[in-house]
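Multiple structures are listed underneath, in structure tokens.
Below are two complexes that have chain A in common, paired first with chain B and then with chain C.
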Partner chain A sequence: MIKKRLNIRMSGLGGQGAVTAAHVMAMAASKDGKFAISNPFFGAEKRMAPAESYCRIGIERIYDRGELVFPDVIEVFHPQVITMGKSYTMPFYSGIKEGGLVIINSDAPLLTEEDIQRLNDLHVAVFYINGTQVALEVAGTELSTNMTMIGSVAGITKCVSMHALDLALQERFGKKFVASGGTATLDEAIKKKFAKKEMLLQKNLDTVKRAYEMGVEWAEKNKYELQVAAMAAA
Partner chain B sequence: MDTNSVIGTTNKKGQVITDARRMMFEAPRTPSFYTGSEVIKEAIRRANVDVMIAYPITPQSEAAALIGELFAEGYVKEYFRGESEFAVMSECAGAAFGGARVFTTTAGPGTMRAMENFPMWSGARLPIQMIVTCRGINSPLSIQPDTLEIAYLLNTGMLVWHAETAQDFYDWILKGYIVSEEPDVHLPLALCCDGFFVTHTKDMVNLTPVDMCLPPYDPYRSPVPCMDMECPPVRMMRDPFVMKSNYISYATHASWQQEVWAAVERSRKHTIAWIDGLIETENVDADILIVSSGTAVSQGREAIRLLADEGIRVGLVKVKSLRPWPGQEIREATKNAKHIIVPEFNVVGWMAREIKASVPNSDRVVCGPRVGGGMTMPPEVIVSEIKNALGIRSAAMAGRGS
Partner chain C sequence: MATNEMMTGNLAAAWGARLAEVDYVPAFPITPQTEIVEALAGWCDNGDLAARFVTLDSEHSMMTAAGAAAATGARVFTATSSQGLLYAFEVLYTIAGWRVPLVLVNVSRALASPITLEPDHNDVLAARDSGFLQIHVETCQEVLDSILMAYRIAEDPRVCLPAMVNLDGFYLSFTREPVMRPDPEQVRAFLPPYRPPHLGLKASAPQALGVAVLGGAAYSYFRHQMHLASVNALAVHQEVAADFARLFGRRYDLIEDYRLEGAEDVLVMSNAFASKGKAAVDAARARGRRVGLLRLRVIRPWPAEAIVAALKGRRAVAVLDQNLAPGLGGILFQEVAASLSHAPTRPRALCSYIGGLGGKNISDAEFESIFAQTAEAGVRGQGIGPVLLYTEEERREMEQLLATAGTTNKELSAFSSQQSAGGPKLKADN
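== the complex of A and B ==
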């Protein structure tokens, strides 16, 4: 399916970097010359509390803001989004569009028979990725889990290029970034995991790449296609 | 020839003080992908602000912190945190009385807490700029964008503009100072946006050159004398008029209030020139029009696209300035409309009330859809409201908890 707009809903827990992931995706899409908007949705900034973010990518100007009620793609950053209902919608896939895609970070299947049936009825594909494990293997820290969520959706849908993701990561982590106190603390925490800023950038990029390749492989194997149309030539 | 003009001279950061028209309308622009909060910072970097007073409250805290960075970099002359929003707004008054260009940001309960100050700012003719990043003000507590607080600002005598996008925000912060500091206006400006939907959303914004800034505020253009506490222009410090129950004091109050609102009216011509009209319109010959302000306009634009796919043509009126209120413009733009749809992010529908009071045959006005508490309004909800008004059945929507 080729669409004028791809709406991505990222459901995570506070501290996992779902907000950063949506911003990086949108920054990358913008660098690719597409139209993009990203925004977060959360309550009090608190570790492990539900936190959602949204990234909209398309070939025409995007006005839509706020919560993504009818997404094409849903990314689940943490099993608790499903198992403990830490989501702004119940079930977590509420509103997903026909032919959509669900990406779940988990080492075990989490969906009930009923969930599987309802998603099947809507022709929604489900891709499990053990993102936390991938982040530990490639970057040496689970704080890079959000990079696997960026990589996997990019690999499956090609909505942003690896080159643009590289540029976006440099922009986000390569210079001083002022945000809320919570985000600043987490930025400091992840910097301490690496000897040098270049190392942080490289390891995160490697993590994105690994997940990107896994996504590409899965999409080819399952013949799954969900893409944003190419921009019309200027 | 000798001149005292500051245009063309540089400030201590090396920015060239530029004629505002040249800076805003002619200078090249650089596209940048920023959040609304970052855009506020970039506008203030170029606004030649003397004093910024901050107090943390979501969703404006990030912007307030970013202006702190500007202070550290030397772009803002004075910056401090007040004791509460009430203190902040009072301190803003003090700084403006002293002849400074003043900036502050607030949101939701903060706006409400500081409310006493706003009519005072207008009455004292202080051209302070206050960014309002709307959030819920009700209990149970909400930090999400709900525009109810704007309803309270409409009768303060402040200019009130409602930005739809970060681009509006960027341009209007800078243009806002120009309008608000005109001698025949000289009033505070509440520049509102919907919190999170603008402040925390990354969007493409075209910025003016970083090496250009606005001319500084000239307090001698004030229509009332700068406050001199040793020698006040009237004896209002020790003997306020309110203490004298005589004809002169009542007449003074009445005429001064009329003068404040006359100044709001006089701002029209400047506002129209600087922000290209009090409203923006698209396809107003359509039978159905969406009329609103802020993010509700954005959601309306998406609804118009969805309906166009089904062959239903809908036009749009974006209200940019709420004070002064563009009653005449709205009356003209909606004269052929059979249905006027007013989507709003608040429970009372203050925008629909204003529009109903401005147009003939006000039963054409559909007061909704509305969401409260800062909830999202998907474009599909506006589509459904429009179909309902047209008597077309629409499929039930899968909502939360389906």
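== the complex of A and C ==
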């Protein structure tokens, strides 16, 4: 399915970076020359409380904003979104469009037979990725779990390019080191500070790439297609 | 050089203050505004912005400090939201009477009780009679641009009033979308440093501001001066808008006309939800309905003439208020209706809708119902409302919640009948 607009709903828990993930996706889409808008929804700003974010990417100007009621893609950042109902919409897949996609971060299947049946009826594909494990393996921290959610949806739908994601991550987490033009001592101090930042940036990027490849592989194996149309040449 | 960035509404507000090269920022945090003063705190700390940043103990103190600093001739910026705005309420009126031209950003959030974090406009509209000018914006770009315009208008010698720029919490504050960040040199050309000849309160030259005037005649004089100054802001806004468009290529008027040409019926909205309204107008036009949207942008001063010019001769007008004055209905509906009452060819029907309270979504089906009902009202020649936008599905969910909370069946049926008495039921979309 090739669409003019892809609506992505990210359901996570406070502290997991769902808000950042949607912002990075929208920034990347903008760098690709597409129209994009992202926003979060949350109540109390506390760890493990439900936190949702939305990212709309398209080839035409987007007038829609705020809560995303009818998503093409739903990404579940944490099993508790499903198992404990930590979601602003019940069930977590409410409103998903026919032919849509659900990506779940979990090491084991979580859906009930009823859920599976209802998603099947809507021809919704489900991709499980053990994102937390991937983040631990590649970045050495589960804080990079949100990077796996960015990578997997990008890999499956190609809604943003890897190049644009690289640029967006640099913009979000700090640009590469540039000499200050001051003294050598000052440069040395700044370099050290940036070296750590650059290492974190690289690890996050590697995590995105790994999940992107997993997404590509899964989509090819399952012959699943859900993409945003190319922008008309300017 | 101007640059295009993906920016939240809050960051766009902070950039507006930074580009205006403000001198003083008194601050107090509140969701969903905090990101604005956080960004400014960072820039003041690292030297990107040569302003004094001060944290105060409350919004009441914050607004007092803002007004006092502005009285010294400094360019002042501050921001708040919702409960914070209410806490500063006494000071809003006081410093407007001092005639100090600072800019306050309000990030709209519905008022308690019950408590929520999402937007509606009961907070900012409560301050509509404070003497502050009010600009209500739809996009993150408009946030930044309106702050620059607000300083020019507020500081104009014909106006000399504080200004409030209102943006919706979440729908703009935390929403990231493309924003063109203007070139600082161009901003300096548009908004030169503020050097007011009449403000200069300092320790070595004490002055009294807003002293007691008993008897009423002096009081009436000064209050009426505020009114005339606010009305002056209509013409000043248009001059400033022309300058802004010439320098930056973006034009903002007192009101925004969206597909009003050839529109039989018009939907009136304000703020970020107007984007949804525009999409709904496009969809309705595609189905053959001749509808358009009028977005209210400058709400104080009230641009009655522009509103009447846009609405006269229409078949029907629907005002969608994202606020509720209990016992009355929609606030902006009253003001639109009052303006139209003197129009020579006023619409055959005026309809009043209340929607988006506490940030509640307004679905495509609800917009379509508004268009259908407004068209019928126009044909009938009789308006309706206030109608609360509330879908069947939302009603069912609310009933479930009430049942969970132990509400009895009798009370539940009373809830349902109240709902249907409130106006025609709207169907949920699917």
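Criterion: the second predicted complex is superposed on the first by the 213 of 234 C-alpha atoms of A that agree within 3 Å, B and C clash if a C-alpha of one lies under 4 Å from a C-alpha of the other, contacts with A are read in each partner's own complex, and residues count from 1 in each chain.
Note that in this section a contact is a pair of C-beta atoms (placed from the backbone, for glycine too) under 8 Å apart; a residue touches a chain by one contact, two chains touch by 3 or more.
None of these values were measured; they are calculated from a predicted model.
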Clash or fit (per the criteria above) of chain B with chain C on chain A: clash
Looking at A:Phe41, would you say it contacts chain B, chain C, both, or neither? Reply first, second, both or neither. both
Can A:Glu67 be said to touch chain B (first), chain C (second), both, or neither? both
With both complexes superposed on chain A, which partner does A:Met27 reach: first (chain B), second (chain C), both or neither? both
Winner on chain A touched-residue count between chain B and chain C: chain B
Would you sort A:Glu137 into first (chain B), second (chain C), both or neither based on which partner it touches? neither
I'd like to know which partner A:Glu198 touches here: chain B for first, chain C for second, both or neither. neither
On the A-aligned overlay, A:Glu217 touches which partner chain: chain B = first, chain C = second, or both, or neither? neither
Which chain A residues lie in the overlap of the chain B contact set and the chain C contact set? 23, 26-27, 30, 36-41, 43, 63-67, 69
In their shared complex, chain A is touched by residues of chain B numbered 33, 35, 61-62, 65-66, 69, 143-145, 194, 196-198, 200-204, 295, 297-299, 301-302, 375-380, 398-402
Residues of chain A touching chain C in their complex? 19, 23, 26-27, 30, 36-43, 45, 63-67, 69
Using the touch definition from the top, list the residues of chain A that touch chain B in their complex. 23, 26-27, 30, 35-41, 43-44, 63-67, 69-70, 88-90, 94-95, 178-180
Seen from chain C, its contact residues with chain A in the complex are 6, 31, 117, 170-171, 174-178, 272-273, 275-276, 278-279, 282, 359, 361, 363
